[in-house]
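Order of writing sets the labels: A, B, C and D. Residues in every chain begin at 1.
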Amino acid sequence: MAIFADKKTRVLIQGITGRDGSFHARQMLEYGTQIVAGVTPGKGGQRFDDSVPVFDTVDEAVQAEGATASVIYVPAAFASSAICEAADSGISLIVAITEGVPVLDMLRTVRYVSDRGARLIGPNCPGLISPGQTKLGIIPGQIAAPGPVGVVSRSGTLTYEVVSALTRAGYGQSTCVGIGGDPIIGTNFIDCLDAFEVDPQTEAIVLIGEIGGSDEQEAARHIKEDLSKPVVGFVAGRTAPPGRRMGHAGAIISGSQGTAAEKIATFRENGVEVAERPLEVPDFIASALGG
Amino acid sequence: MAIFADKKTRVLIQGITGRDGSFHARQMLEYGTQIVAGVTPGKGGQRFDDSVPVFDTVDEAVQAEGATASVIYVPAAFASSAICEAADSGISLIVAITEGVPVLDMLRTVRYVSDRGARLIGPNCPGLISPGQTKLGIIPGQIAAPGPVGVVSRSGTLTYEVVSALTRAGYGQSTCVGIGGDPIIGTNFIDCLDAFEVDPQTEAIVLIGEIGGSDEQEAARHIKEDLSKPVVGFVAGRTAPPGRRMGHAGAIISGSQGTAAEKIATFRENGVEVAERPLEVPDFIASALGG
Amino acid sequence: MDIHEYQARELLREHGIPVPPGEVATTSEQAGEIARKYGGRVVIKAQVHAGGRGKAGGVKLADGSAEARKFAEQILALEIKGLPVTKVLVAPAEEIAHEAYLGAVVDRSSGVVVLMASSEGGIDIEEVAAKTPELIYKEQVDPRYGLLAHQASRLGFKLYPGDAGRARQAAGIVRKLYDAMIDAGASLVEINPLVTTPTGELRAIDAKMNIDDNELFRRPQIEELRDSESETPAEVEARDVGLTYIELDGDVGCVVNGAGLAMATMDLVKYYGGQPANFLDIGGSSNPEKVVSALRIITADSAVKSILFNIFGGITRCDDVANGIVEASRQIEVTPPITIRLTGTNEEEAVQILESAGFSAMTDMDEAVRKAVQLAKQHE
Amino acid sequence: MDIHEYQARELLREHGIPVPPGEVATTSEQAGEIARKYGGRVVIKAQVHAGGRGKAGGVKLADGSAEARKFAEQILALEIKGLPVTKVLVAPAEEIAHEAYLGAVVDRSSGVVVLMASSEGGIDIEEVAAKTPELIYKEQVDPRYGLLAHQASRLGFKLYPGDAGRARQAAGIVRKLYDAMIDAGASLVEINPLVTTPTGELRAIDAKMNIDDNELFRRPQIEELRDSESETPAEVEARDVGLTYIELDGDVGCVVNGAGLAMATMDLVKYYGGQPANFLDIGGSSNPEKVVSALRIITADSAVKSILFNIFGGITRCDDVANGIVEASRQIEVTPPITIRLTGTNEEEAVQILESAGFSAMTDMDEAVRKAVQLAKQHE
């Protein structure tokens, strides 16, 4: 088992003929991801690397190849449109790698995706990997291994660091999900925690947070209330200087300054252990799984 | 019993201080409708006819007086906003009497109301009456009487004609609903038919249609498939001259010209009897209830 | 409100849709001059608010100025579905490699705007829709999001598969068509045909647009496009005072409140052997002046032999109508006999008002219609 | 991107919000002249991208031109939260009968724009929110519908109950504030205070606006509002090449890919007893030129005693980074010792590139950070 995607997932790449799209499509193919189609408007009828059929629209790719998930590598200006197209064409899992998507666009896009009953991961995220089965996105395949740890993170490369450390320490992963660091994202910590909670393969969970917002605090309270599996936390940004924050609205609305100290305290108040260093995470997992 | 509103319904009037709003508020009060509040922005704190409290916003009226339904008499330019305000404030039944509301406004407004889980009747409709219990709108109270016939109609005054004839013939009504004649309305024939189907008081249903669109045809098919109670139809506009129709899009999309002849034929094909004259309707009801 | 092809073309052009040149003429001389200016072959098209112009002889291809003048003269003498042709559009004839169809309409059933495209454009589009519906591509526009870019793109690639250049042009036109619809407050917009020129460019040759009357109050610039010449004076007066009036061929003039009741009344006039002279709806919030205007409009129709009032008061108050009838009888000489049926809101006050002015009123609709039909027959 | 108060005021004014007059001065002489023009009492306000200006002495009330010049000189000499004040806003002092607060912000938790209003405006608004949250009125804007008229009206009546005139003015300002936010691509807009003048008119006295950097590519007119004077030259260069760079007080220069890893690296530097000299994220699609710029920026900071590369390749390819380091070492003289840690995508190629150029690379993050901290201490 795994969450969100496994070896049966039929994957489409939007922007497959671009620089990043083609590079990572090959990485995914190499990893074993079932890439059944690509989409680049205007390049319909071609084949990517002489094998993967390319279509002008997602609709055609879904009709012809039965794609159920899509990974998006199109430029920021077109990312919202690509996400909406995927959701509108019946794709149920959309992973948006693209960074730099305007936040106001994402407000509408996230609603559109949920109105269409799909799940969006990202944008500005590394995607997900269910080790040994499939990967959708840019997480390097070699750092992960199958196992009992679920990983969810707002970060990209920091996730790799932690996953790599887990693997080296002998703790494989069920699924590693990078949910993205943007203010407005499709899938949040709590969605992933709930999915890991019901995933039989997952026995412990690593949650990697950052400064800003109050997602970690909400996750901490959710863990205490609704999760039975052990969770280990890490929060980056303890040395971040206090911002030259202008305006009050953010603090008024969340009742929070979003500092790492506040997040770490909230985790601990809610019974979640927090590692000090990324490479310390495997030790905490060891004791969680041992206990 | 009745559908949508009964004697317990706590009614708010939006536009209570206007010409039409105040006139019909008094008519409703006289009929026994529980009018618990009025809303006219800028007149909050006043009392209508020294009794009904007036508020600036629907929210205040709901909080202070527990209104659950609203009847809207505001001018066309503000009607969509008034409807949205009611839906957003937790009003569950919204009856919009106002005519002349732009169709493109209504597309968004109808979705907004359903997104908020409310029911909209109208716009450009006479409202509804559950005889002996309550009335919301402008249907004259004296023409109706309690009884077993449910009436649903796209028309206003034509409805009064039929209801009045039913009452004179001794067939009272459970609820009479005028759904409005505009292209985009909140509650359609099928919604009302389904409500009558499960209403214990209703034993037979009168459906009054008009030329234009394909709502009657859809209702006819729905009656055959899903309704157990007898339905009598009437369609106005058999002598309407064929329009000087420009453009094809309407016909392409509905596959229908929307003539009275087509609608009457579809009713009969689906086993629904159709009266030739409004005053003939009670005869058909007599045989439906007798049979 | 319908607007003319030349006006719709202009609105589409303002939104950036490629519309070929064209000018309007009201005389054959003007048409000839415009044709001379363009040179070569021109199309002359009747500008009239009715479909089926081509089959009625309202569209002709002219070679040079002289022929343009001749054909314009013929077309300007036509009457199409009862409407006189007072204007023609003169436009250079286009070379056509392919004809597609694009349309957008408010769909009552689904409650959204539906965009439609077909690569089988032209005058037989309804037949295409009926016989090969799979050749009509549709996109529903969620009113909460508006038209999304991928939807326009999808229609473009459906229309011109394997031709990314034309697909992108078409996607742009679809977006602009939708914007034009929303900006104009239209309930229908069509481009038929959307032609491909021999060099692969898309051009909107013919355009149709119906404006939602309810949008006009906030769009004075669209209201100005109304062509009063295309309506009868009675229709113009009716609209000015807020009545809905359509002239018909019969002799029983009808004044009714509410469109449904008005249609049912006409149906009943026919049922009892009469012929309605008009559809006239005085609408909801009636006031006495409206009734005066209604009577003035009906009495101006010399075919009317009998006048029938059928009023069921709701938001319309019977006393308002009664006052109007009394007032009108003071202001205008009404020759045909008037049959008055009214019931509902303030019925008693109304009967009192009418009776003090020497009128009588009935309450039964069937009876009133029968009487009005009978009176018309007596005065034939 | 932050913009200055005077720029935000101008954007709000363009949207029809009543903003009192005011002009910007960069010298005390200019400030004096502006004050003379207005006459009477003026407010002098530091234009700087930091909160808490008032407490830092950056806002003063001056009586007449001479005092304005004096206060402007004092304020222009200030540094607020590390930022030098290079501009002041000079505006006539307003008579204030009441102060309210209006704000709009993208709320991460609910995924919508939230509008906020409070009749308890002024500098203590966060305290109001914390102690009496019921005095903060909120409206969530469903992104599918945008701000609806009734929501603006509701906030207006909440702010000024029983005062329909001011409630309507406020509702209009709320609508315009939201429009200004959307048009500018802002993630935060505030008017604080929104004052009532003694004659009952509302005026936006102070305005704040944060622009979403991701919106700038399609809003060149907003990008032009960027005040490069308010940034260090290094920050300007970093942005030009697409790096995120924030200068700090320590001596270990960090070049990292990814914001989260960059922060974790800084945390680790501190954990091992060092002090990070900067936050520097080379981002996702790195190319060798970016790395060259990164090294140039860091070596320009004379406080840097040790440079740490921490790269975990994903979309960033390690070979790109390696090529950048090699290229930079040819172009620039890099004095501080460089510790390189890289792993992930194309790691092997990278190691090869580095080793052929005489660099060595590590794979363990903790080890690399420890070494870089140690090197910095050796060179102190």
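Note that in this section a contact is a pair of C-beta atoms (placed from the backbone, for glycine too) under 8 Å apart; a residue touches a chain by one contact, two chains touch by 3 or more.
Computed from a predicted model, the values in this text were never measured in an experiment.
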{"item": "Result of counting contacting C-beta pairs for B-D and A-D, higher pair", "value": "A-D"}
{"item": "Geometric centre distance via CA averages, chain B-chain A, whole Å", "value": "49"}
{"item": "Inter-chain centre distance, chain A versus chain D - centres from mean C-alpha coordinates, in Å", "value": "27"}
{"item": "Cα-centroid distance, chain A relative to chain C, in whole angstrom", "value": "54"}
{"item": "In chain C, residues with contacts to at least two other chains", "value": "142, 144-145"}
{"item": "In chain A, residues with contacts to at least two other chains", "value": "108, 112, 115"}
{"item": "Arrangement of touching chains [line / ring / star / complete / other]", "value": "other"}
{"item": "Interchain contacts, given as pairs of chains that touch", "value": "A-C, A-D, B-C, B-D, C-D"}
{"item": "In the complex, chain D residues that touch chain A", "value": "2, 49-51, 81-83, 101, 103-109, 111-114, 116, 125-126, 129-130, 136, 138, 142-144, 182, 185, 187-188, 190, 192, 208, 210, 212-215, 217-218, 246, 248, 256-261, 263-264, 266-271, 276, 279, 283-285, 311-316, 343-345, 364-366"}
{"item": "Residues of chain B that touch chain C when the two form their complex", "value": "19-20, 24, 27, 76-77, 97, 99-104, 107-108, 110-112, 115, 126, 138-140, 143, 153-161, 164, 181, 183-184, 208, 210-211, 213-215, 218, 234, 236-241, 244-255, 276-279"}
{"item": "Interface residues, chain D side, partner chain C - complex", "value": "144-145"}
{"item": "In the complex with chain B, residue positions of chain D that touch it", "value": "142, 144-145, 148-151, 153-154, 157, 161-162, 164, 167-168"}
{"item": "Residues of chain B defined as touching chain D within the complex", "value": "41-45, 56-60, 78, 81-82, 84-85, 88, 108, 112, 115"}
